[in-house]
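What follows are several structures.
Okay, so chain A shows up in both of these, paired with chain B first and chain C after.
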Partner chain A sequence: MTTSQRMIKNLYRDSVSLMQFSEKLRALEGIQQASAVMATENNISLLVEAGLLSGAVPPSPNDLLIVVEGRDESATTTALDAAEAMLKTKSADTGEGGVRRVPPRSLEMSLESMPSANFVLISTPGEYAAAEARKALQLGLHVMMFSDNVSMEEEIPLKQYAREHDLLVMGPDCGTAIINGIPLGFANVVRRGDIGVVAASGTGLQQVTSLIDRFGAGITQAMGTGGHDLKSEVGGITMLQGIEALAKDKATKVILLVSKPPSPDVMKNVLDKAAKSKKPVVVEFIGADPQTITGGNIHGVKTLEDAARAAVLLSKGKTVKKFSNTLPARYKSLVKPAQKKLKKGQRYIRGLFSGGTFCYETVLLLSEALGKVYSNTPIKKDEKIPNVWKSLEHTVIDLGDDLFTQGRPHPMIDFRLRNERILQEAKDPETAVILLDVVLGYGSNMDPAGELIPAIQGAQKIAAKAKRNLVFVGSVCGTESDPQNLSRQEARLREVGVILTDSNAQAARLAAAIVGAR
Partner chain B sequence: MVNKLFEQELQVINVGLSSFAESIQQTGGKSLQLDWRPPASGDRGIGMKLALRVNDPQVEAANRTAHERFLSAQPILMGVDAARNAIPNLGERTLLHAGPPIEWSRMCGPMQGAMIGAILYEGWAKDPESARDLAAGGGLHFAPCHHFGAVGPMSGVISPSMPVWIVKNQDHGNLSFSNLNEGLGKVLRFGANDASVLERLQWMGAVLGPAMNAALRQLGGVELRPIIAQALHMGDECHNRNAAASSLLFKRLTPALLKTDLPQSDLARVLEFIAGNDHFFLNISMACCKAMLDAGHGVAGSTLVTAMARNGVEFGVRMSGTGDAWFTAPAPMVAGLFFPGYSPSDAAPDLGDSAITETAGIGGFAMGAAPAIVQFVGGTPQDAIAYTREMYHITMGVNGGFTLPPLNFDAAPAGIDARKVVDTGIAPVINTGIAHKDAGVGQVGAGITRAPLACFEQAIANS
Partner chain C sequence: MQLRALSIGEAVPPTNFDAVIQSTFDSAVNLRLRNEDRLITLLISRDHDLPQGIRVWTATLPLQSLTPGERAAIRGGVLRFASSPLTVDLRDAPVWKCRVSELALDMQTPAAQAAWSTAWNLLNREQEHKSTDLRADDLFRPHTGSPLSRRISKPVTGLVTSADGLDVQGALHAAGQMIGLGPGVTPSGDDLLLGFLAGLWSMAGQNERQLGFLRSFGTKLIQLAQATSEISRTYLCHAMQGQFSSSLSHLAEAIAIDEGVEETARASMRVGHSSGMDAVTGLLIGLCVWNPNAPAAVRGGWETTQSF
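Moving on to the complex of A and B:
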C-alpha cells in the first residue's frame, strides 16, 4: 500500500465539489482512499488524523492538496495525474440540458398538465380501481372503469356519488364505450350519427355499434354500464343516467339499450325512464321475450342484429316491423352446399368465442333451434359443460371466462388458446361446424384473421387426413374504419373457406341450419 | 354535466393500460398517461381513505385556514434567555431532544452523548459515568423539543440552563425556541461532551446569550422572513447552507452589539464566534419555520404537515388536523458525500429537528436557489431546480415572500399536503448534515434524503 500526495498551486474549488471529486478518485483503478482538499491547517490535520498524510505539511490555503492511497506507486501516480487533468479541464455540465420533470403521478397532478380534462379511464388492478374512481369523481371528472374485480359494495357508493353530482361512472368491468366519437377501451371506430347507445355488455355494445355502421347509420354516444349495473342492488344507476342524458341530447334521435334481462324492479324503472324520453327506444334484453317489452315508443327486439337494424330504421324515419326469427334467404342458399361436405357422424356445433355476449346470444339461439347446448355460460343449469376443456355434443365456450384468462391475455388479443381448441375439435369425428366470433377495433388483436388462418388450415388438414371436411362459420364484428379494416379481414377469412355472416345471430342460425334436419 | 361532456372536447386521463391512451390519440382524442402505482404502498384501506379526502370540501376548507395562518406568520427574533425562563412549563429536570419521543435506552449514540453533556453542564452529575446512570435510572424527563414549541438541530438537546433564541410570531402570537449554534467539529449536538464542549457551553450561557439578548433589545427584535428571503437570493436554502443569512444577521447584530456595554474582550470573542460559523443562522431559521408552522397547527381536518423531525432512530411527522400525534417510521440513511477519512459505514441515520425548514418550504424545497447544495449528491444546478419543481406537486401552494431567482423568481413551494405525498408517492426532499454514529465524533458529511412515505400514510390513516 502506497500513499502519494500532490499540491496544485493556486487552484480553488469549494469543499462540496472537492468531496464529490474525492469520490471520483476513490473509484479509480487500484485506489483505496483519496481526498482532495484546500490545503488549510484544519484540512491538513484532518488528513493526518485519517492516516492519509504521514506528517503535517505547511498550510497553503490557496493551493489544492490531493492525497491518494493505492496498490503501488504506479497506481497512485496514475491517479494523481488523472486527478490533475480532471481538475484542469472545464466541466462538461455546461447547463444546456433542461430541467427534468416528473411525469404526473396522481389524478390531481395530471390536472396540472391537462387542466381541462373531463374524463378518467381506469384500468388498474381491480383492488385499486375504486379509490381512483372516487378521486376522479371528487375532482369533478367522469369515469370509465375498465377494471374488473371491483365489488358491488364499492360500486354502489361510487355510482350514488356520481348520480348526486351528475357525473357518469361507466363500469366497473366496462370494456367498451364511444364518447364524442372517441373509442375507449375495446371499441370500434364507428361513424357518427344520431343513435345513442347504453349497454351493460361490452361485446353487445361493440356488435350493435358495428352493425349500425355496417347498415349505413351512425351513433352519437355509446355508454357502457358494466355488468352489475342492472342488478337490483345497484338499481341501474348508470343505465338510467345514460337514458336521461341521451333523452336530453339534441343530437340523439334514437336510443338503443342492451343488457341481459334486468331484475324486475330495475327493468320497470329502465322502461319507465325510456318511455319518458319521448324518443324511439330500441330495447334488447338478451334472452327476454321482445313482446313483453314493446309498447309506446319502446321497441323490444330479440337479437343484437335486430336491435341495430331497428335503430337504423327508426333513425331513417321508417317504421319497425316485427323481425323474422328465421335465417334470411341470402344465407339459406349456403346451407345445402355446406351440408354436402359433412359425413354422417359429423353432427355437432363447436362454438369457440372470445366475446361473452356473442357466446351467450349463440347459446340462446342454438338451444331454440337444436335443444341441448352445453356451455360454460349455459342458460339452464343442467347444460353446464362438465369439463370446459372437452366438448360434449353441441358445445359453445366463452374463452374470455376468468377460468381461461388467468395469467394470459384476453382471447381477443391472444389467439393461442382458441387456435389449440380449433385443432382439438378438428380431431373429433363428431364435429360438423366450428362457429367463431372475430372482434376488431382498438384493444383487440391487430390481425385476427392472420392469427386464425393457420389454425383453420391446420384443422382442415387434420379433417382431410380422416377423410372428413369441416365447416367454419363465423362473423366479424367491426367497421371499415377500424385499424384492422373489416373488408380486408373478412376477405382473408373467406379465402380459407370460412362462411361469414354480417352478425353473430345469423352465424348461429346458419350453423344451426347446417347441422339441423338433413 | 353528463350532457355538457357531450358538447366538450373529450380529454382523458388514462390510469392503467397505456395502449388505451395511445388509441385515444390515434383516433384524434386527447389523452394523458398517468405514471400510476398503487398509492399508500398498496394499502387499500389507506388508499380509500385518501381518495375520500381528495378535493373534499371540508378538508379543503381546513387546509385553506391552516395554510393561510402558516403563510401569514411574521416571526420576530425577540431575544435570548435561559430555557427555564423562556420556555413555558419546562420542568426543572427536563431534557429536550430532537425528533419524535424516544426513551433513553433507544437513543442513538450522538443523542446519548449530548444528553450526558447536558447533564454535566447542568451539574446534575460529576462525570460521564454517573451522568449515564442518572439518565438510565429514570430520574429525568426526556421530551421532544417540538412538545415545547422548540426545535434543535442534530440531537437537539436543550437543558433548562441553556440559552435559547426566542421567536415570536407577531401575527398569531405564538412563540418558538431554539438553542444557539455551537459551530462545527466537537460539539454537543453531535454528542461530544468533553471539557472543551462544556466550556464552550458555559461561555455561550454566560456571555454569548446575554450579548445576543442585549443586541436584540437594542434592535427591538429582528424580523426573520426578510433575512431568509434575501439569503435565498444569495445562494442559501437556510438549512444546509446558511452562509449568506449568517452574514446578513452579523451585519444587523454588530452595530447593535457595539452600542451595548459589553466588555471589549467579550465583544471580540462574540463577534469572532459568529463570524467563524457559517451555520450560526441555522437554529434561528429553524425557530422561524417552527413559529410559522405552529400557527397552522391544530386545524381540525387539515392535512397540512406541521413538523418533520428525526431522533436518529425514527423519523416523525405531525399533521395540523391530528393534534399531538406523531406518525413515525425508521429514520432513513442519508445519501451524500463524506468528509476525508469517513465513509457511509460511519454514519448515523437521519437526525435532528432541522427538517422543520423543509416542512416550511425552504431547505430542500428551495434547493433551486442553492445550487451549491445539490453537489452533495453529484447533481447539477438543473437537478437543484428539478428538486424544487418536484416539491410543488406535494405542497398546498407557494410562499410569495420567498422567491427563487433561478426559477425566474417563482415563489417557493410551501406547505406539505400529506394527501399529495401519499397520492403521488413523491416524498419530501431534505438537505441535511450527516452525524457520526458514535457520540462526539461530529459531522462526517452532508447530503440529501427523503422523508419516509410510511409516516404520511399513517397520518392519512389517522386523519
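Moving on to the complex of A and C:
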C-alpha cells in the first residue's frame, strides 16, 4: 500500500461536496482510502495517526489537503491528478463531467432541466408577469402569479386561456398557497388533512389554514385566486375552477371558501358550483350575512375563526351549529383587569395591521361593537381616515397598503414602520388598546416577536412616563411547525404583557370589550 | 440583476466598506473586508441568519458572474461587484441580532431538562442515520466510534470539566486540541466548540463569574483560531462575543421554554453535511456545564445514558 497527498491552495468547497468528492476518489481504480480535509494542524495529526500520512506536513488551514491510499504509487498519483482536475473544473455550478451547467434563463430552459414540472411560480415585476404567465400556460404549466400590478385586462385573457386548457392561474397578486403540502409565497407549515381551501385573500388563507392546524385537522390543497378574481369582470374563474378541482379530489372531504363578498353575479355562480360539489362547503364572505349564504351543503360563517372551526367540525363528521358572536368566557375574565389599567381619557383602539384581511375583519367587528372606526380600508366611505399617518378616535390601519410599502418590504417582514407607529400611538393620551396581528410562516420575518418587543416596551415606557398604561392585544397567525414556531413567539409576546387570543376575530372582540362599557 | 437584502446580521458594518470575494458556494458567498481579518457572508433567503450574514431575497445566488478575488463594495447601502451586474440593496433590510446572551437559560428546571433530553436523543438518532464521523453518545464512551470521535472525546471532556471550574487555561488546552479537527470547511471540532460556547452564553445571563470566564476564554481563543480556516475562524470570533447563527439561538430558546424542540433541533441539524449536528452536539454538551444535576456521563462520569 502507498499513500500520497496533495495540497490545493485556497480552495473552499462545502462539506457535502467534499464528502461526495472523497467518495468519488475512493471509487477510483486501485484506491482504498481517500480523504479531503482542510490542512489544519489537528487534521494533519489525525491523518498521521490513522496512517494516511507518512509524516507531518506544514499546516495551512485555508488549503485543502487530499490524501489517498492505494495499491501503488501509480494508482495514487493518477487519483490525485484526477482529484485536482475534478476540483479545478468542478465549480459549484457545474454538472457531471465538468460541463458547465448554465442556470436556466427562460421557462423553456427550466422545463428542459425539469421535464416533469407542471407548475410555475412567477414573481417578476408586474409589467413582465403576464407575458411570462402566458408562456407558462402555453407550455402546459399551472401558474401562480405572486406578482402584483397586473391589470385586469391582462388577467382576464390569461384565466380564460387557462380554463380552456384545463390549467389554473392563481393570482395575480396571489401571495399564499399550499400545494401538495408545499407552502408557496407567504404560507404556514400546516399538517396534511382533508380540508381544501380556495381563498381570494392571502392572510385570510393563512388564518384559516393555521387555525385548522391548531384545531387538530389538516389541509389537502389551499389555493389563492388573487384579489380581482371575484369581481364581475373576471367572473371568479379561478375560484370556480378551484371548487371543481376540490370537488373531484378524493382526499378532500370539506371545501372552505374565503373572500370579501363577491359581486352578486359571481356570488351566485360560486354558490351554485359549491352546491353542486356535493361536499360540505364552508363559506366565509367576510362582511356578508352568513344567513344569506347558508343552505343545503353550504355553511355560511361570520369570521375566519368560525370558518376554520366549521370546516374542522365537518371534517370530523360533526354538525355545524351557529357560532356565538360574543367573547368567549376565557377572554371575558381578561377584560376587567385590563380596564383597571386604563385612565378615564384612554378611550380608543389603535389597530396596526400587517395583514389586509386581518385589518378588514377587525374593522367589521369593531364597527359592530363600537360604531365608527376609521381606517384606510373602511367599510363606509365616510370612515376613511383623513390622514393615514395620524389616528383619529378608533383607528385601524392596514400597513400592507401600497401607500406604506412603496420602496420598502411588506410589514410582515419589515417592522420598522409599525414599530414607529406603536411609539406614536403611545404618545397619544387617548390611546387605550394597541391591537396587533403577527403573521408567521415562510416569507414572514423570522422573529416577529423579537422585532415588536422593543417597540412594545418603548411604548410602555412612554405611557408610564405620562403616568398611563397601555393595553396590547393581538393574535399570532401561525403553527408550531412554522420556522418561527408559534408557541415560542406567543410566549415572548406574553412575557412583555401582550394579551393574545387564538384568532384575529377574538382579539378584535376582546379589544372592543376593553374599551367598551366601563 | 438587483436583489434585495432580507436581513442583515449585526456584525455587518453599517457603513460603506470595500471587500473582495473570498469564496463562493451553492448558496453563499463570502466577502473578506479590506484591511480586516474577517468575512461577511451573503446567504440565500431560506438559510439561517448569521451575525456576519446578509440574507438575500432569492432562492439561488447568481454565482456564474462572481469569482473569488473579485472586488466588491458597499456604497450608500447597495452592494456592488467589480465585474458583475449583480447588486444587493441593503437599505430596507432589518438588522438581525442574536439574543442568546440575553436568554439566561435555567437548566435546573424540569422543562429545560426534558427539552435537552428530547434534543439529545434526536441528535443521536440523526447522527446514526446520517453515519456522521462524530456521534454525541460516542464522545462519552472511551475507545468507541470513529477515529474522529475517539480523538475528540478527551478534549471535550476536558472542556466540560474546565468550564465547570471556570478554568480558562484548562479550557484553552482542550479547545486547542479541537480547533481545525475534522472534515468540512468548518471542521467538526470548530463546530462543536461553537455550539459549546452557544450553550455557555445562553446560560450565563448576568452571572459575572461565568461571563468573566467566557470573556477571558474568548479573548485567548482568538489566537488559537488562527489554526483553522478563515471561514471557520469567522464563526468562532463571533461566538467568542456571544453571537451565533439563528439556527443555534432558536434551539437554545426552544430548550429554554421546552416548546417546539424537535422541529427546531431538526432545522439546526440540517446545516451542511454534519456542521449543524456537530454544533448541536456542542450546544447540548455546553448546557450540561455549571449544573450539578447534569448527566454524569457528559460531566466526565463515562456512563452510557445521557438524560437528566
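Things worth noting here:
Just so we're on the same page, the second predicted complex is superposed on the first by the 420 of 518 C-alpha atoms of A that agree within 3 Å, B and C clash if a C-alpha of one lies under 4 Å from a C-alpha of the other, contacts with A are read in each partner's own complex, and residues count from 1 in each chain.
Methods note: a contact is a pair of C-beta atoms (placed from the backbone, for glycine too) under 8 Å apart; a residue touches a chain by one contact, two chains touch by 3 or more.
Predicted, not measured: the structure shown is a model, and the values here were computed from it.
By the document's definition of touching, both partners, chain B and chain C, reach A:Glu49. By the touch criterion stated above, A:Phe415 is placed in contact with chain C alone, chain B being left untouched.
Contacts of A:Ala329 after superposition: neither chain B nor chain C is touched.
Once chain A of one complex is fitted onto chain A of the other, the partner contacts of A:Ala85 are absent, as it touches neither chain B nor chain C. Contacts of A:Asn485 after superposition: chain C is touched, whereas chain B is not reached. Using the contact criterion defined above for the overlaid structures, shared-chain residue A:Ala27 touches neither chain B nor chain C, since it reaches no partner. Of the two partners chain B and chain C, more chain A residues are in touch with B.
In the superposition on chain A, A:Pro104 contacts chain B only, with no contact to chain C. Across the two superposed structures, the residue set of chain A contacted by chain B and also by chain C is 14, 16, 19, 35, 37, 43, 46, 49-50, 93, 102-103, 483. Against chain C, in their complex, chain A makes its touches with residues 10, 12-16, 18-19, 35-38, 40-43, 46, 49-50, 59, 61-62, 91-93, 102-103, 407-409, 413-416, 445-447, 450-451, 480-481, 483, 485-488, 491.
Across the complex, chain A is touched by residues 1-3, 5-6, 8-17, 19-21, 23-24, 26-39, 42, 44, 47-48, 50-52, 54-56, 337-341, 372-373, 375-376, 378, 380-383, 385-386, 389-390, 393, 420, 423-426, 445-446 of chain B. Residues 4, 6-7, 22-26, 30, 49, 60, 62-64, 68, 92-94, 96-97, 99, 147-148, 151, 177-187, 189, 226-232, 246, 250, 253-254, 257, 259-260, 263-264, 267, 272-275 of chain C touch chain A in their complex. By the touch rule above, chain A contacts chain B in their complex via residues 14, 16-17, 19-20, 22-23, 35, 37, 43, 46-47, 49-52, 93, 95, 97-114, 116-125, 127-128, 130-132, 134-136, 138-142, 146-147, 165-168, 179-185, 189, 220-221, 241-242, 244-245, 248-249, 251, 442-443, 483.
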